[in-house]
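In the part that follows, the structures are each spelled out as structure tokens.
Paired with chain B in one complex and with chain C in the other, chain A is shared by the two complexes that follow.
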Partner chain A sequence: MFVPTFVFLATFIYYPLCKGVVVAFQNYNMFDLTNVHFIGFKNFADVISDKNTSFWKVFLNTIEWTFFSLLLQFLLGFVLALTLRKPFRGRGIYTGLVFYTWALSGFAIGLIWSWLFNGQAGLVNDLLIRFHVIEKPIGFLSDPRYAMMSVIATNVWYGVPFFGIMLLAALQSVPNDLYEAAIIDGAGAARRLFSVTIPYIKPTIVSTLLLRTMWIVNFPDIIYAMTNGGPVNRTNILSTLMINKVFRQYDYGQGAAIGVIIMTLLGVYSVIYLQVAAKKDGT
Partner chain B sequence: MMTTRKTKKVCAGVGRTVLLTLFLVTAILPLYWIFVTSLKNPKELYTFPLHYLPRHPTLAGYKSLFSFSNFGVYFKNSLLVSLGASFGAMVLSVLSGFALSRLKAKKGKRVLELILYFSQTIPTFIIMVPLFTIFQKLGLFDKLWALSLVYIATVVAFSTIMSRSFFDKVPVSLEEAAMIDGCTTVQSLRHVILPITLPGMAAIFCFAFINIWNELFLAVMLLMSPDKMTVPVALNSFISKAGISWDTMSAGIIIALLPTMIVFGIGQKYIVAGLTEGSVKE
Partner chain C sequence: MGVHMKTALKSLSVLFLLVAFAMMPLYSQGSKETVAPKGEEKVTLTFVEVLTSPSRTKQLQDIIADYEKLHPNITINLISPPYEQADNKLTMMLNSNQELDIVEVRDHTIKQFVNNKKIIDLTPYLEKWDEYKDLLPLTVEAAKTVDNTPYLLPQFFYIKGLFVRTDVLAKYGITEMPKTLDEMYADAKNITGKVAGQYGYGFRGKGSPFKISDLLILANVPNISKDNIYRTDDGEFSFNTPEAKKSLTAYKDLFEKAAPSDSVNWGFNEQVNGFISGTTPFLVQDPDTVSMIGASLDASQYTVIPMPVGKSGKAYLDYGFAGLGIPTSSKHPDEAWDFISYVVSAGVNAKFCKEYGPLPVHASTYQTDPFFSSGVYKAWETEMSQPDTYVFVKYPLESAKYPAWAQTEEPSMQAFVLGQTQVDDLVGQWETYWK
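For the complex of A and B:
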């Protein structure tokens, strides 16, 4: 009964994945399809030494995008989960209303927020001016100083409910007698949080953080819709760089090479992350 | 002493309410705003300071969406692809999830799980280039049914993980009883197990539908004809060098959100359960 599922996975996921690795080492350009041949590591070299788009800038952007998105999603998601832990009337409906963002596509969310952050008639500018925070509208997406902040804010908005739901499920698995015992021992709310709750749900935190890291690195949709990597590459991350190599420049070889770089980096990161997490558990 | 504890409790309650309200407002405001935008005329869109309610509500954006830009066709394409592929993924994942749940060989189980989980970490944009070359060679390029097959593959792994966790909760003794009564495995699955796990199946269908309905990059890559575009591809095509005409775009976004919101509304409870089951579990 597995067979159909695994035929699908093999044909449309695993085979293309292997083929993608092959394409990364080929000269494979849509304008030059008669001339497909192996060129060794040239695609990788070209991507890394590209004069127009500094690879290291894109690399650092990717880290910035991932780190701040993850950190803020986690912290705010944790706060949301804690406020939702005790039951109240209408909690089910409330959860639905907050969690609905999960059903939207990253692309649609990027579009919605590029309108909210619009430099002429954006709601964010309107609100900031009304409350006298700023005097003139800011070009949130066209000004290199604000662009990264704006796309990260959008990503945080998207991810907080998801983190909230995951952590809420974990929080509800903490047995109540642990808290009762802690209260009898005279532990305050903060102490209970750090000595009972967090250690108990640590496995969930560790695995959710790893999965979400991979997911955020591999999530070009919001940036693609909002800035497409601009202004002047300020929000260009590895995955948007790859999309543009394919959709704009039709250089599939270089696109595939960036894909291989992303997978390798994430693979190395996961191994290190899991080892560090395991080591901390041991002591 | 009593009073300080009481004030503390009241403060905590107020703080909690404030936080919950903030989260709710932040979550809903963007959607409200895009809805308001879709009802404004192009001139009112750029009237600053902004109107929080449209002064002259109009459906012009929606009209131009369905007349000039053929949105009805794209909506139908998306609906066909999403319904078909979600149904396919649901059937496949019922079979493989059930089998995985009942598999006794520990090592084999581990390997199959690894294949499922690893495929989850492969982003679709990595496989879009090779899929394009494969599709070109096999003559599958620019065909909606072929795109649906790819979509089945992109959601079937997580669907299987979900369905496995639902079947894990059904005791094996129930099937054994059915077997003693002379049912085959497939019969016991159909008549005994499936009815119990129906909510689970609904969750899988909703999960698959939402993911497939929203997918953009593979559709851009594997389709070409204008009359075959799906809804996200159509929205993508509204972005031009000259900018975006937001009256039509906002109407398009609202229409694009409707099906997923409805499906999410129906399946919300089960989706939340399914997602947390699937990933919280170690």
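For the complex of A and C:
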């Protein structure tokens, strides 16, 4: 019974994974394919000590990107889920409209938003100037001060529906008796939210946050389409660095090394995260 | 049916589907030879282009159709991957030893193909070619880029020229074209800001920007080596000279005073858009841009002039090129060569270049065809016929450090023009890279 599933996983997931890890330890680059051999940890050393693209800066960018995208997506998604919980007229259509951004391709979203954020003729600049918020247009994607917040804004626009959908489903599973009991006990709306709702859907929150963290870390599409890591590496995250190593520099070894680093970091993070989450639950 | 039978059948069908799916690549083989029932043997050649664009692909297909009419026993299968991934796709195809017969090779991919032993030496074919002597010396030099051996036959040259919106400049009272870089910088800065949204120079901030910035900055250095633009004749690193450092500062000044701040993110498309919209009336670009601009602007609105010279009295130009080669995996190299010699023959090459834009590779074309020495092409004709003023230099394409250079130079130059790095630090970083 397990055989077909196992064959599928082995062929399409575990074999490429193992091969990828092996490549991380080889000097596999397009320039010299006839001479592929093992070079130990050299790829890792080169990537981390690269003076031209500070690895530390890219790492911090990744954390900034993930943390703020996650926080805003979660908060807005939660608000959305709370709003949609009770039926109202047109709820079906409204739900469809709000959730459609999740169906779009990240790369296409990046292209559209890079025009919206365009520094001369973009819609965002136009609106800000019309409402007298700013006087001169801002180069959202070309000014290192604004580039990161612009791509994060786009990511939030894209990712809210995920939390909306997952949290809505969780919210709808909270039994009404609990709320009735709380109301009888005199709990207000806020109290009900923090003492009844959130604890009840905590498992969903824990797993969606973890899942989404991993997805956001590995989500280069929007950044690639809008700034490709620029300007001056301000929006370069680990996954866009990996893409550029492979497709611009044709260095598969170093690209694979970055992939292994991402995988290790996410693995360690997941373990710690789940331990902490379980502890808070258990006691 | 019993339960066990059902589940067994289910597993079997899933396994069968998996196997069929996994074997799909086998069904997508390249072209195979087919033998005609009578007469000559039919040959199918596979041709992979990499500079894909809808208009150019159409022109290629027309050329192929003409060739097939002349050679009814030959069919040519054109594969046109999208431009952004084409180099990668071709590298993959060559490395998996797919049977290809004609491939488009570029100046920055040829070293890699030769290193991995994927394309053949064309010397035996060139020796017997009657049009070989008609090729420009530049063409022969480009062909022999790697190991002084011709691994490709160049078809197109891409040499920078200065595109100028004469109508926009006339609006501000500028009617004389700049002959030196100082003049061009001054003009660009003069008109910036005269009207809201008016700038002077189409700054290239992204996507191998060094190909343009190097020419503007190093033109002030008198003794750049022809074999490596990054070394002077004395062996110094080109940017580590007082002239180059002053020039870098002037380039940063140009960005600050004559280019939109957004342009630190400008690639090819944005540069051309800026020119067509009139925002940035000075544009440094290759001749294949002519057809793109010609589609949106009237001939009276713009012109092309030779690159203005620097304080050295010279303008350094690098010649980008693309051409055709024959992969080692080809089973029909003779037929492949026959097609290549047809496409790159003086007549076909001239016609192709006229429609697509870049410069042709035969000396006779320039002598007999007025197209390439008139109108906007006069600029390039001037550049190619005055070697003392317009000096052709080479990039170190053979160096193992070249492929990663674009990714390294881009953010460091961006940091410099944005004021985050000082000149000396920048030059130091670059010099360390090229040691």
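As a working rule, the second predicted complex is superposed on the first by the 276 of 283 C-alpha atoms of A that agree within 3 Å, B and C clash if a C-alpha of one lies under 4 Å from a C-alpha of the other, contacts with A are read in each partner's own complex, and residues count from 1 in each chain.
Quick note on the criterion: a residue touches a chain if its C-beta (ideal position, glycine included) is under 8 Å from a C-beta of that chain, and two chains touch if they have at least 3 such contacts.
The structure displayed is predicted, hence computed values, not measured ones.
Set against each other, chain B and chain C touch different numbers of residues in chain A, with B touching more.
When the shared chain is aligned, chain B and chain C each come close enough to touch A:Thr11.
In the superposed model, A:Phe31 lies in contact with chain C only, and not with chain B.
After overlaying the two complexes on the shared chain, residue contacts for A:Thr204 are found with chain B alone; chain C is out of touch. Of the two partner chains placed by the overlay, only chain C lies in contact with A:Pro231; chain B stays clear of it.
Contact with both chain B and chain C is seen for A:Gln120 once the two complexes are overlaid on the shared chain. Touch criterion met: A:Gly139 reaches chain C, while chain B stays clear of it. When the two complexes are overlaid on their common chain A, residue A:Thr95 makes contact with chain B while staying clear of chain C.
With both structures placed on the common chain, the touch criterion links A:Met166 to chain B but leaves chain C unconnected. In the overlay built on the shared chain, the residue A:Lys51 is in contact with chain C alone; chain B does not reach it. In the superposition on the C-alpha atoms of chain A, the part of chain A touched by chain B in one complex and by chain C in the other spans residues 1, 4, 8, 11, 120, 247. Considering their complex, residues 1-2, 4-6, 8-9, 11-17, 19-20, 23, 28, 79-80, 83-84, 92, 94-109, 111-116, 120-121, 123, 126, 129-130, 137, 157, 160-161, 165-166, 169-170, 173, 203-204, 207-208, 211, 214, 218-221, 225, 239, 242-243, 246-247, 252, 255-256, 259, 262-263, 266 of chain A touch chain B. Within the complex, the chain B residues that touch chain A are 16, 19-20, 23-24, 26-31, 33-34, 37, 45-50, 92-93, 95-96, 98-100, 112, 115-116, 119, 121-123, 125-134, 149-150, 152-154, 156-157, 160, 210, 213-217, 220-221, 232, 235-236, 239, 244, 246, 249-250, 253, 256-257, 260-261, 263-265, 268-269, 271-272, 275-276, 279-280, 282. Of all residues in chain A, only 1, 3-4, 7-8, 11, 30-34, 51-53, 118-120, 139, 141-144, 227-233, 244, 247-251 touch chain C in the complex they form. Per the touch definition, chain C reaches chain A in the complex via residues 7, 11, 14-15, 18, 22, 88, 91, 95, 111-112, 115-117, 197, 205-206, 260-265, 279, 400, 403-404, 406-408, 410-412, 414-415, 418, 420, 429, 432-433.
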